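Okay, structure first, notes after.
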């Protein structure tokens, strides 16, 4: 028994052998680098790297270089907690970001709060993360319940767009249920009849049975929510193949905005709306420049995730620049937190200023980007391209409504 | 008396660990090891002693986690009470599960437990009134616990470490008790030959159900502990198949049906997992899988079992008899 | 009143009638031989009495109370113990542990159970092997162990399924002696056995079954001369 | 009525592909009495085969079966010969855990070499569904269904008309008797494992155009696979076919008439009920 | 032709054979009789390679069989029809029979032998497409023997072919065994139905507790009162 205890120490000693480098400013990022979510971890890794390279090439932050420490959590909550603990206590990072999925972000937030280390959320969207009063947790991106903001605005202001009825199909994950609930709450408030309320398990192979059922309700709008790209594409395909002809197909979730929608669905994607937390403002030169540069470096066009990762580093750098760092880790972390509270800037993602306010589902947010509702955009697939159509200020082209197929 | 010595040494080492731990991450890993020891022991009680291989222990873990969490959030029940109550509810829930699954033997039993676990997960996902569905529950802060006029602050790791150590000891002690108790003897008989066990008057169904309840109690307490330590419970985190598999791996690698096996398995798999993850950013699970295969190929009796064998053959050689 | 009464016992498997309308009684402290050719249904009768198989029809009563529908462990609790044709020790346990497990049925405290187990082992001449693993025993000793396990449950009625099978003649004598000893201890015995020498020596009465039905009953020396019995055993030569 | 017909059709089509995965698992169980937890990864490898065939050599996924099926067959035999043969005598539990390790290994090797990206296969002829009797059927799924039927038919011919096929069935029905017939049971086991692997691979190739593929997709499939083979009776090929189609139909109808979130649950409840009342499966013979 | 000397075999710790000696000559029917548990089945299993002998020799035509695998033993023409028939219940009668001719040597002559088997058991031709598990006991025994014949055996070892059969079928079975023997196949017969087995056997051996205790021609043994003693303890 004794020998086993000593062996614990020996093994733990191995774990702790990473040298303590005091020089660069360290940012920790738990991300899924293996496991089912690995592709997302990889996207963020690229985006973080690019931003850090740019900042360091320009002389760093107050003369000190930035460094990112990514730890793999395999999309498992317990591992996310473990690596967060490690990043804070072993790697001695000043500030945390990342997380990828909400379950893991919840663990990171909870530990950051306990160990008093600022955590700046870049992508996880569960409302709960910034609705629990964690003063050490900040979020740049919109919460799940904000996703339908642009859609909401669209049906209220575009002439004749108010749905007569709507069918809502969403996955039974945190993401799907949050958005599904938010959308239905808002529609009901406007007196719109919800003719179908269908939840499905993620990674469903065949949506035809659900879609046949939905078709029977003859909805005026078909609203689809998917956390998984597979589901987004199959939902759209099967809905169209079954012959549902609503005035508008509206998708919520990243999957409805990826290039695969067009390549996989071809003409079936035509005129499908994607109402997302962020679809980029292509009219902004900074966004254009970022897209071009990213494509040049990695050979792929960036999306939501890359933009979020890239922007978050700039927000952190900005806070670090303003924070008075003394070398005392605890004091420095608090200084960073205070600097974040005073953030007021614009990134490729858009405007950032953290504040406490009430969300659409009635939650009280803490340190949630106050500009979140303005980031929400409706885009539409046209000829294989996803173009912003609403609100007008971000529109690249006019919108097609109602869907010409519905009129036949 | 002699058999108490290693236990005492272990207890002393356990008590000393936090003093030497350089930072909270070490304690965190130690807590994880202790939690996995409990869970490995929970599985081992049923799988190792009674020979009933369950692939559904995540369900019992999850039930414990949910019950503890819900009691705390809805009724303000402190972890002190919440964890054992979570274990009790898991044990109660295991009774109908056992009555259904124990009608099957061998791989059919294993597959049935897997199905039960998946059903429990679906229920947790959809029974929103009770479980909050996929959203789950998040605790933001625990009020300090008052023990004998002392306020224990849950913000530090130490109280969790103490609780985890107590739970792991409870798990190991249950196993040790089982080894010497009448029930344990019955289980060995059932594992060796179920018909013969019935013939000598052993109510095999009752013995198996009681063992499952004990196993569920331990697993449920593990779930309760998880809920408080990680503070976030949702179906994906606490009802995942991978949790069930991990428990099997730990008991198996440590040594099936041995008292110390789960501890060794937990230490080994946690540290191997951490070390490999540290060294190989991408693809570390390749090594984990490979390690599993090698362990089963070359040490089917587990580390503890192998060590015991080596020890006894060494002893035999030194004492000059039994050397074949 | 007889200790065990069997009336109209029937069991079919699929279309096959393994035991058909079988009736017989066993009195207190009697040794009853149950014989018949291979496949006659003798083991099935044991399985029916001890609850491993449920009868399709018929009554089984111990002391006037039915044991039909009880699970094997409950039958054991009522005082019927059995051995298996192919011995079923718990091979990874020691001899003493094997018997202690059985002794728990009447002696819940471990100390009492162990004491009783040692006592039974002593009576059967296995005392010196108490610490050995069951798997290391010779066949005779494994048969002894099987018997010891059954006795340790404190039975009133003991069903022995081919206890002599595979033993050599001198071993058969030893085993026969043990059965007689057990009867003297106040236990009633039903014996399924192919070693006729043993049957002739120790049974008070035999019941002969063939294809699941009783074809003869009576004192052993008389029964084996009945033509139906001879035909069942040796077959009839084609004319 | 249209709803019913559509969900029934969908169920049967998906079910046929489920069945193919199930057959592979069930023949291996029949002969070797092992449940191969890495079976889902074999399907995944088949899916990637179809993907790379198209990405690298512009090979039509369905045509690439000709390449991948023999390769998977050889791979399966090697796997058995080099790794599994030594483990199987160690008992059910060991084999189960060993294949669990193997599944982790294969999935993560795939993740390492191919990254976790979600990939798709585009078929030029896959864009518009066909609509017999107003029921919508996607072309890739329809082609996959037909090919799956053909493969299953070929398998049936192999098992019923050739000496090796008979030897495989014989070994799974009564191993000792097969030995007495002079059957080399080791060789039968190796060929059977190859066959199981090839069937999984073929199912993967067929599924690829209708699904997304990524290295850990196997996890999703293996659990369904258990349900199928238990429904049909472990070891029974006709059972696996019936079980696959039954599961497909039950899921499909369940999603419409019960609840789509519980559709997996319906499968599991059915699975438990069958285990309890007909442990040998709905289509198993005898005990 | 086949000689068994000092054969010892055990299942795990339990020794079943303590040194069995006998021989079978070309063209003979040899019966192995004895009480249940005497070691008859084990002897056959040892010859066909299902049980590894611990000591002793099994020699076929001067060549040892002891180290051969079952596959090789079947290939050399020693075919074992096991007790309880052990058919493949979910395969047709035809497939069961074809499997009997699985060995490389037997395969080319499958069709020819199938015809021969159908000639001996016309009943099986009627049932050719039926699943073996659905046959009656007697028919199943026919399939088992027919399956053994498909290998083209030089020695056919039959384990309890009359077990569990109705009396009329028992008669039929023994008739068939004699018929097969007349066609030139040597038969090693293990039977409980001692009277009948010894009546058709050229020679017989009585086993008791894993040893041969009596040997002689069939008629000698039939008349020998010691045989009855060995059984009934008279």
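Lettered A, B, C, D and E in written order, each chain numbered from 1.
Just so we're on the same page, contacts are C-beta pairs under 8 Å (C-beta built on N, C-alpha and C of every residue); 3 or more make two chains touch, one makes a residue touch a chain.
Every value quoted in this text rests on a predicted model; they were computed, and no experiment measured them.
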{"item": "Topological distance between chain B and chain E, in contact steps", "value": "2"}
{"item": "Labels of chains that are neighbours to chain A and to chain D", "value": "B"}
{"item": "Per Cα centroids, the chain farthest from chain C", "value": "A"}
{"item": "Distance from the mean Cα position of chain B to that of chain A, given in whole angstrom", "value": "36"}
{"item": "Separation of chain A from chain E, taking each centre as the mean of its C-alpha atoms, in whole Å", "value": "75"}
{"item": "Computed distance of Cα centres, chain C from chain A, in Å", "value": "74"}
{"item": "Interchain centroid distance [CA atoms averaged], chain B/chain C, Å", "value": "43"}
{"item": "Multi-partner residues of chain D (at least 2 other chains)", "value": "108, 111, 261, 264"}
{"item": "For chain E, residues contacting two or more additional chains", "value": "none"}
{"item": "For chain B, residues contacting two or more additional chains", "value": "125-126, 282-285"}
{"item": "In contact (per the touch rule at the top): chain pairs", "value": "A-B, A-D, B-C, B-D, C-E, D-E"}
{"item": "Complex contacts: residues of chain E adjacent to chain D", "value": "48, 50, 70-71, 74-75, 79-80, 82, 86-91, 95, 98-100, 102-103, 106-107, 133, 147, 151"}
{"item": "Complex interface listing, chain E residues touching chain C", "value": "12-16, 18, 35-37, 160, 162-164, 167, 170-171, 174, 192-197, 199, 209-210, 231-234"}
{"item": "Chain C to chain E touching residues, read off their complex", "value": "37-39, 135-139, 142, 162, 165-169, 194-201, 224, 233-238"}
{"item": "Chain B to chain C touching residues, read off their complex", "value": "182, 185-186, 188-189, 192-193, 195-205"}
{"item": "Residues on chain B engaged by chain D in the complex (per definition of touch)", "value": "53, 100, 103-104, 106-108, 110-112, 114-116, 118-119, 122-123, 125-126, 241, 245, 248-249, 252, 282-286, 288-293, 296-297, 300"}
